[in-house]
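Dropping the structure in here first, questions after.
For reference, chains read A, B and C in written order, and residue numbers begin at 1 within each chain.
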Amino acid sequence: MANVVLEVKDLTTKYITRFREDVYAVDHVSLKVEEGKSLGIAGESGCGKSTLALSLMGYYFPPLYYTSGEIIIDGKVISGMKPDDVRKSVLGTEIAYIPQAAMNALNPTRKIINFIEDVILAHDPTENKKFIYDLARASFEILGLPPEVLQKYPVELSGGMKQRTVIAVSVILRPKVLIADEPSSALDVTSQKMVIKMLRSLMDTGFIKAMIFITHELPLLYNVTDDIMVMYAGQIVEQAAAREAVFDPLHPYSKGLMGSIIVPEAGLRDVKLAAIPGVPPNLKKPPAGCRFAERCKYVRAECKVTAVPLYAVGNGRAYRCILAEQVLREAYAHGQ
Amino acid sequence: MQYSLRQAFRSGKFVTGFALFAAMLVIVIVYPLIITYPPLQIIAQGTFFPPGIYVSTYDSVNAPTTYTLNLDDAAAKRIASKLKAEDRTAMKEWLVAAGIPESEIDAADTAKLLAQWEANYDPKKQVAGMTFARSRYFQRVNTSISGLLSSEGAILATKAPDTGALQQAGTVKQTDYVNVSEIPNVRLLPLGTDNFGRDVLTELIRAAGVSLEIGLVAGIIATLIGLTLGLLAGYVGGVVDDVIVFITNLFTVIPGLVLLILISFSLGQDKRGPVTIAAVIGLTYWVWTARSVRAQVISLRNRDHVNLSKLSGHSIPHIIINDILPYIASYVIMAFILQISSAILAEASLSILGLGPRTTDVPTLGLMMNWAMIYQAHLLQKWWAYLPVLVTIAMITFSMNLMITGLDQVFNPALRD
Amino acid sequence: MKGYRKYFLNKLGWFAITFVFAFLLNFILPRLMPGDPVAAIVARQAQGMSNSSGVQAIYQQYTELFGTDKPLLEQFFLYVRNALQGNFGFSFSQYPRTVTSVVGSAIWWTVVLQFPAIIVGWIIGNMLGALAAYIRGGFDKVLMPVAIFVSNFPAFGMAIFLLVIFGVGAKWFPTSGGYGFDLIPSFTPKFLWSAIVHYQLPFWSLVLIAIGGQAIGMRSMSIYELNADYVKYSRFMGIKDRKIVGYVFRNAMLPQITGLALAIGTMVGGALIAEIVFSYPGLGTIMLSAVMGRDYPLISFATLIITIMALLANFIIEILYGFIDPRIKATQAD
């Protein structure tokens, strides 16, 4: 069995709103990513996938708070560490993050190299500038970025170049896990391709050991990741290998969501997603039973009574529905 | 638009600002209907009468009925108002200086103090080390307290028309009272009078009205100019844009007040009515509107619906009216409100400089400020002559700013916390 | 450095053009008005003045100097020639002083009062605004309404308030003038002390007004920047919060500098009126007495000087801004 790089056990985090209400946007999530593998997280906007990305960093600031559970990176438990220790010895070195809007992820008034200096000095204040420059230059060359970029301000870079620069900066300290939150959604098709190619190359070149890739663009997930996890209302509703998740989904929500992957036109994506009628439940007062019950075509009376656990069905596969695999598959075969 | 309005009224800030402004507007409109005195009529002989109720002394003396009220504290109050604590200590000081042993004087015992004073005070006596002003002060105290303890009434006398001799017509006893509502001549001056002896409140409310009119006229002119130039620059672009941007930048750096001063002064005082001043302010204060309208239009210019309209062959005016204006309407309204309040401030600044509207029948807030400054109300501590004006100006600008902030939050959701 | 030079030359050119236009406006505006303003004023003044022959003399001198009876174009060249020689004519109200000498003695009072006040107000306002954005909570809830109210207040209103409270009421500071009326301007300790004491109220009233507006602007800029994506990203890259706050405030401050450049004209105008309240011996008070004395040459020259002051201040800020914001150099270089 391969080495597990990232393991998350029962992680729960919450937002505290202005009105002091708790919103559990990540609710008892467990997952494992092995060395050399990538995990995709899918779901509608607001399902908690971006919050999961933030929560995995182990570094919380208002309005997001840690509640319970464990995050283990390469055998080291990072949940429960002091925030400043997390900042110094985990962020950037163990786990790194590429934000949703990488366009604006870089401080506009700082040259790229100065920002890299800030990042490296934040972890080791004794490093000298020459060393940092050489390191940055070497990294950029390996990743196929022109070293002149280092001397530029973010405004001087094109959108795609900015995004690739952010990726290069994120992995400058060779983190074990990289979390990419919709890294290509704001780019044109050509830049998108280059970004995806670069992300895929990161593991081959040894910059990172594992990756978590978050997107609502399902075709992308299928192409990029090994496993897929579907989230709904803060919970995992299905976990499976990419191929199975896409072509043989079990959970009715996954089924609805995956329907869109068959449709090649990107423009129809939104239409398809909206095709699951209804809206996600209000997480301030989550329903007692299955959280998808209100929108589910196959809903039964008992669905709304008690919470549904995640049933493991072997091969690392799991889904959160009271109906048996067989029942669901038959329903899908006839019901569509 | 209707929806936006309803949205605006959900914003607490907008509602507060609007209510404040509406209240002022109602007062400005309703007050002159009830109180019809001309705002600039000089009623007082003398400057800066303090706020209060003015009762005609003549009418009080000749009141149709007088009432007798036996009030225990009447005498004490009467003495207290004439003989203040500082007067008592001053009197004691004089008596000590005149050689009375300090132990024998009790400033709190009114009767004894007055007796000692009457026995010893001599206005001609020179006390060593006392300034002339100080001895004049004692003379004044002496006059004011003479007969203070007397319980006799005052005698009214009339002059006999043929001989000119005085004849007793009646007495006014210390226990005589009149009912104010029975006195024919009572004038309430809630804010006193100004340096020219005019009723400040009536003047102020009229001034607020005129200033609002000035603000409105200037605001309309400035907004129209700014809107037109902004639309032209933003939509037409090219050379037109360059020229307008050039002019706008020019007028941004040249202080608006300086232009105002130059134009107002050059106009000459005969031509400076409130409307002229408003027009001049409007002509010089359009810069910010033009700038922001242009920026908004540029961001709208290439939107899909505008392109669609262009492809459909609509004329430029048609596109501007139907596809651009509705989108910047909220913005223009905000700019308009801002223009009104800055025009009111501009009028005030001009008037303080002595370049305000030249009118003889209506005041403005700025002119009232100008008069108060010239007659040094602020140094003489006549607060009623300038403070209400300042508060009114602040209330107008504050209420308008609240409305703008509220609208801004409604129309730019990013600004909400 | 190439980028900066381009920026500098661009701004310098702009400054020169604005200057020429301001100069033109100053010449043309009064002359566009119907009639000859000088003659009208002199005529009116002469009616009430015992020394009407004196006024007539000044008027004649003025007509000769500026050729007010000649065609407009000729007048303009005369005006330019005189201006180049620093000759702007005599003051009507303070004859035989020239307007240059009247304005020259007032301008330093204004410069020394206004620019420190605007800069101090700007700095304090930005610090308070940044703090309000960073701390939020009670500090923000108290500071903001006060700042909004203060910034809505005209400068002369604030001046009167301070004057009445600290000058007339508490008697801590003198109420008018730039120095004790029994003193003659000189560099003696006594005079300097008197000037400093007289400086306080006008200075702080301008500072307070500037603080209000700046604090509001800085607060919203800071809140905007604090929510910017780079803040989150920098945090997740392990950069210390203190460093990030440094980024945020630097970036929030930059638009505030351009804002100051744009607002300086308005601020100078407001400050002139505040001077009048304190009878401060600066340009505002000069302007008032010129209006009262219908001293046309003095008004014309004073407005020109004030415009130049505002233009210069604007220019200096823009130049400094080019130094501080790296993006200027970067974008100009291409």
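Convention: contacts are C-beta pairs under 8 Å (C-beta built on N, C-alpha and C of every residue); 3 or more make two chains touch, one makes a residue touch a chain.
Owing to the predicted nature of the structure, the values given are computational and were not obtained by experimental measurement.
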Notebook entry, point to check: Chain contact graph: line, ring, star, complete or other?
Noted result: line
Note to self: Going by C-alpha centres, which chain would you call the most central?
What the structure shows: C
Next item on the list: If we define chain centres by averaging CA atoms, which chain lands farthest from chain A? Would you check?
Entry: B
Item checked: Inter-centroid spacing, chain C versus chain B (mean Cα positions, whole Å) -> 27
Margin query: Taking the mean of the C-alpha atoms as each chain's centre, how many Å separate chain A from chain C?
Written below: 54
Next item on the list: Between chain A and chain B, tell me the centre distance in angstrom, where each centre is the average of that chain's C-alpha atoms.
Entry: 63
Next item on the list: Please set out, as single numbers or ranges, the residues of chain B touching at least two other chains.
Entry: 417
Item checked: Sites on chain A at which at least two other chains make contact -> none
Margin query: Can you tell me which positions in chain A touch chain C when the two form their complex?
Written below: 57, 59, 61, 87-88, 90-93, 96-97, 99-111, 115, 118-119, 122-123, 152-153, 155-156, 166, 169-170
Notebook entry, point to check: In the complex of these two chains, what residues of chain C are touching chain A?
Noted result: 228-230, 232-240, 243, 247, 250-251, 254, 325-327, 330-331, 334
Next item on the list: State the interface residues of chain B toward chain C in the complex, per the touch definition above.
Entry: 249-250, 252-259, 261-263, 265-268, 341, 345, 348-349, 352-355, 369, 373, 378-379, 381, 383, 386, 390, 393-394, 397-398, 401, 405, 414-415, 417
Notebook entry, point to check: Across the complex, what residues on chain C touch chain B?
Noted result: 14, 18, 21-22, 25-26, 29-30, 32-33, 35, 37, 40, 148-149, 152-154, 156-157, 160-161, 163-164, 168-169, 175-176, 220, 223-224, 262, 264-266, 268-270, 272-273, 276-277, 287-288, 291-292, 296, 299-300, 303, 306-307, 310-311, 314
